[in-house]
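Right, one structure below, let's go through it.
Letters A, B, C and D name the chains as they come in the text, with residue numbers starting at 1 for each one.
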């Protein structure tokens, strides 16, 4: 019999996303009896934690559910005996993200939160912290599940799987967003749509799309090629080339634009940076507005405006996943987990993003075998970059870091890689203990 | 929207198992609207077909469902436009099975319907027929699913997958029987038990056993070791060695006795053959009695006595599988399907028996990766035998057949293999066109 | 006993390289008794064939060896009963190469004979011709070895292995050139140097370098990093970044500059194109001068000036390989052959460039296993491009061609890929029967 | 430049094989300048060491080479700064071997020094000792090559590779014996014969046989099938079934008789045991006679009679291998080394017996890929046994040991496995510290 009265610890609890998470737990209260939700943050995030935490308290009160919201700066207290730990922290806050976007742009390279050198920098800052958190989990709640949605989610999840004993599943809202995107295009209930996903986090292809189990990939491809698109708040919605999308024959994720439409995306990014500011700068403004809203003592539900923020479905996917584990549901989620031969073209010990059956024992990927040649090379090449990024993040080895950046498909040469790397290390040195 | 009014063709419709199949369709009529059930048989099986077919008609009438039972000797008529084809035929009838049991016993080798030389002989007789049936399906109902439960089920399924374009899934009642066995041992509802299966048909290990998702393998192993057992009607219930079962640490299938307890099983078989007759001889008697029962014009349900026959859950598993496909259920069944990297220790193109998610597009195996070393070698060695058996069955090459039998773990030498092979060919020559 | 009096057919016999080939056979006459050397060319190459063929005749006469030089436009006569067929033809001649260089440059993309879109175009022109030649070999000399050094050598060799029954080995002068480069740097005899090569044609890494069997990789890397370099006539000798080369820790081939130093190489190419002309244009001039030299009736040896041409060691490597096969030498050459698991990170059926033992039965690669992560991704990604390039070359499928170009690491987007592809097809249409 | 004046340490130097080893070094003195040969033994072997050591001294004196023979019981002194360490010790001496032969025979199971339960027992005794020796090498001569020919050679080599940092190559005289066997059959010089070997130690198949590089496998198979055979002193020469050998189509090693002709071999073993004694008992007598000979102060060469002993070519293969390493020869030997993907059907980290190029850096296997299905299963199944045997030998885990024996193809059941295991442990307990 599953235990009643769950304890959840949310690292980075002061995040603007927290209301969605709280809403997710409230909605599922009958099937997922959360008793204690610990929102943890660091000193610098104390004010935000107070604001969002008080909103959370009003939300549960309004909903009439018996969830205790705890606000704390003591991570170990939160983790102790937790059943689930979720992570949504951002080392260096939005200012670091803005730097991540601006450094590559100086060298005419895509500057993006998770893809390319920006993602590399974020990984280097995040890896020491996640390893630290995992040490706490190993000690204080070794049976807890870590549900990671700290970006770059695939890389962080792989770091945890390779370097700790913590049970973890990585999450991202891109796949679920793609399913919603298809449902919208077809104007059908989202439950009727399913997609076979193959790939890596933020580099995932929908290889087959189904409506009520019928394969409608070809039909949909035609309508993508005809101009309809699906993107995310974070990613400029540049349209695909019709012939390209037909030749691909599958559903690329929004982040694929950085690879398949590099030139146009770079141009767009540069234009945006020069006018409205980088995406990070825009988000910083949005966040300010959100937290103003959150302060309103009359607000006791998740405000509509959160959706502009870009993380739609993120927290809901997390609550849904937690419920599937807790209730041994054996339903299918798209998650970041150890490959273990699921995709035969990648090493066994790396993390992939893929459909998996979720039960009380975790995520069990559905076998894929070999992927089509046309997506194989890019997937392999980004995975090699990710593996070196993790190794660099753990060891702080400069040469490994230089190779990681050099082989990233969006970095044009070892010369540029070196310049970007040197800038990243210099500008982030306070967050990079491993490089000291 | 899925089509209404399904057509099912059952090859070997005169089998004594048919009432269970009919019962399975009746039970599921609401979710699985079968309109036409074609029971096909050959001239020699005409009488049985009449008997069992009439019972089937009485059963649907009694149940008040609108399923039309068609009895026919015209296979092509049955297959034409079928949505599902199920196979449960036995080339050479029970007399062939009895020969399969007796030939190996002459040489002090396990004589069994599906395991060892008996299974080899059965495969050689069945392969030409299944290939013929598949030609009809390719021509007359290319979109139909072939649900194969003709034995040796794994070998026959692999033959179809390697040598035809027919969509097929192989079934066996052993895994479902093992789940029922555990439920009985624990005295719990069968729905609460689940097992991770890895292996081949009739050589499948339950690597982990769960109750409500909790891993109870170790606890169960102890109770197996303490003497509790689970077997099948077909397989003598010799108890496992306690130390052996503990060292194995997983749940062997009943047929594993032929490999792990060869000496005792052989002794038991010889004793049985000398007294009650081989299992085939016993079944022949049982069948006679069953058909006597079936003739009773007042009988309009599946008779209790069918369960002694040994195929419990077989047909029910088939109906359940068909319903999962038809209804796009995405639930988990244990099936025989193409490996495709699910078990990394076996070739990609062979058939394995494993847990798979079933939907409208077929069976999608849940990734396994590498299996434990202790079960790896036997699995690989029997698979090599199976591959050669298929090649011999398709080509009729004597040398390939000799290698197949020689490398079977239950055959002690190439000398004995040759004697058995020569006997098999001589005694089955009417059913072995490929060897002529 | 090996046959005496070999027949060799050289397709593209009018090439300026032919004197090196003839010299190679003359040098080895004692161990490799060539009796008939057929130089084959097409109508457009007739004049060159005459010139170079007559030089070849003077060379063998001067050397006093009994090799008969045959000049012919009849390919089938040359191939019939040949023991070895060598290929060094260039479909569309140097004018096609110049186009291959110029089209990508229009879009700010590397324009190179074998790497990137230029190599793609060359492959599309060459594949139909090589398949045609192989048909002749299959019919007229099925036991002959095809020694391919037509570029892109890896792609052409893989095409032959995947789509014909011809026994083939692909050759390139890059690896042998790298060995010579090291010997020069160390000022030692070339026989004392050996290198472990891993990779693809024109994308091969020297993973370990040995002097008399002692691993001197680290020492050499330091001296590369210190500024010493090794390049080829075809590839501008841009120096490596010292930190980059140290972080790589192995010996990149000259063509790696296109990937690791893309920005500088592109700049250099554009400058060169604007001044001396593209490499193809320069070669065209050189060739003219060479053929003027070749006409000299007093010339009866390979002229020094051939070395400027850029193909040093090419023909010598071919003669040496042929001799190792003929004499069952079991020595080690670097060749392009079927992977077959040699590099575990690439598919089994693709061609790799690697060290192999050569004997009468062909080339037997020395096992590599997994390659280091830092070179894995680029190797895999270029191989995926190569596989699609072959598929496009054989089928003429536009979409496959578009995917091939899009995924090439040097092509920045699907938009640019499409433009380049359309230009390639339009400007080469006379040589692309498969696209008509 | 390679170092002059090598130091060799031979563990088990008191073995009757030592004169062949000494002869091997004398023969190669010009290319392999051994300065110090340390013959090491244990207290119990002191007398033999004296006898054979003095013979060795007379041999080098007679030959006039400057090799110093050192006799010592101090293993660490011998290993210190050695260039090569060779091992030929036998834990428990011949009495242990005789027990290994007799225990299985009690249960009607093949009783053999290296194959089956006998080999298992020998491995359990040897593993603790070899790990101890390797600790000394790691400390005292970390750059030394360990040339292992202690049996079971493949298992011991795999133990060293998996559990130590010692550079090692395993050797066996079976493959070289098979090459000699073919040369004899054809009556040609042994240098003209070569064989492609695939498999495991004492389970190696000659997949292709060449004379001067020409594939003569088929011709030879016919002559095997016609009755000609090749065996070893240790293995009764039971003739192969003609049809079997034709269906196999390759060259089985003598030890394959235990698998392919189990029944006849068992019968022969039982007969022999009842009359002349087990092979171990016979060898014990032979050894006594040999040492009587060795004592003769006039003997100063290897005596003819040593050949009856059964280890022909063993020591010579070792000297030849050492010379290839020392001289960076790049010639081909058949050795036991890490698979690393050479045979795709076995794990990467296991040891296989295969053709490899030998140079100063060790043994580099020539790629094999997938092996034919007919030999795949047996190879995989014995390898699984070997892996468990190593694990049991290192950990002393009873359950692992029981699984190892149960899955061995020659052990008929878990019941018999348990009986044999219990006997082995009881009778060898003094040599099995890991089981205490």
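Just so it is clear, contacts are C-beta pairs under 8 Å (C-beta built on N, C-alpha and C of every residue); 3 or more make two chains touch, one makes a residue touch a chain.
As the structure is a prediction and not an experimental result, all values here were calculated from the model.
Graph distance from chain B to chain D, where chains that touch are one step apart, equals 1. Interface comparison, A-B against A-C: more C-beta pairs in contact at A-C. We define each chain's centre as the mean of its Cα atoms; on that basis chain B and chain C are separated by 55 Å.
In this assembly, the C-alpha centroid of chain A lies 45 Å from the C-alpha centroid of chain C.
Within chain C, contacts with two or more other chains are made by no residue at all. By the touch criterion given at the top, residues 240-241, 243-244, 246-249, 260-264, 345, 347, 373-374, 376-378, 380-385, 387-388, 391, 398-400, 402-403, 406-407, 409, 412-418 of chain B touch chain D in their complex. By the touch criterion given at the top, residues 1-2, 210, 212-215, 328, 330-332, 340-342, 344, 348, 357, 359-361, 364-370 of chain B touch chain A in their complex.
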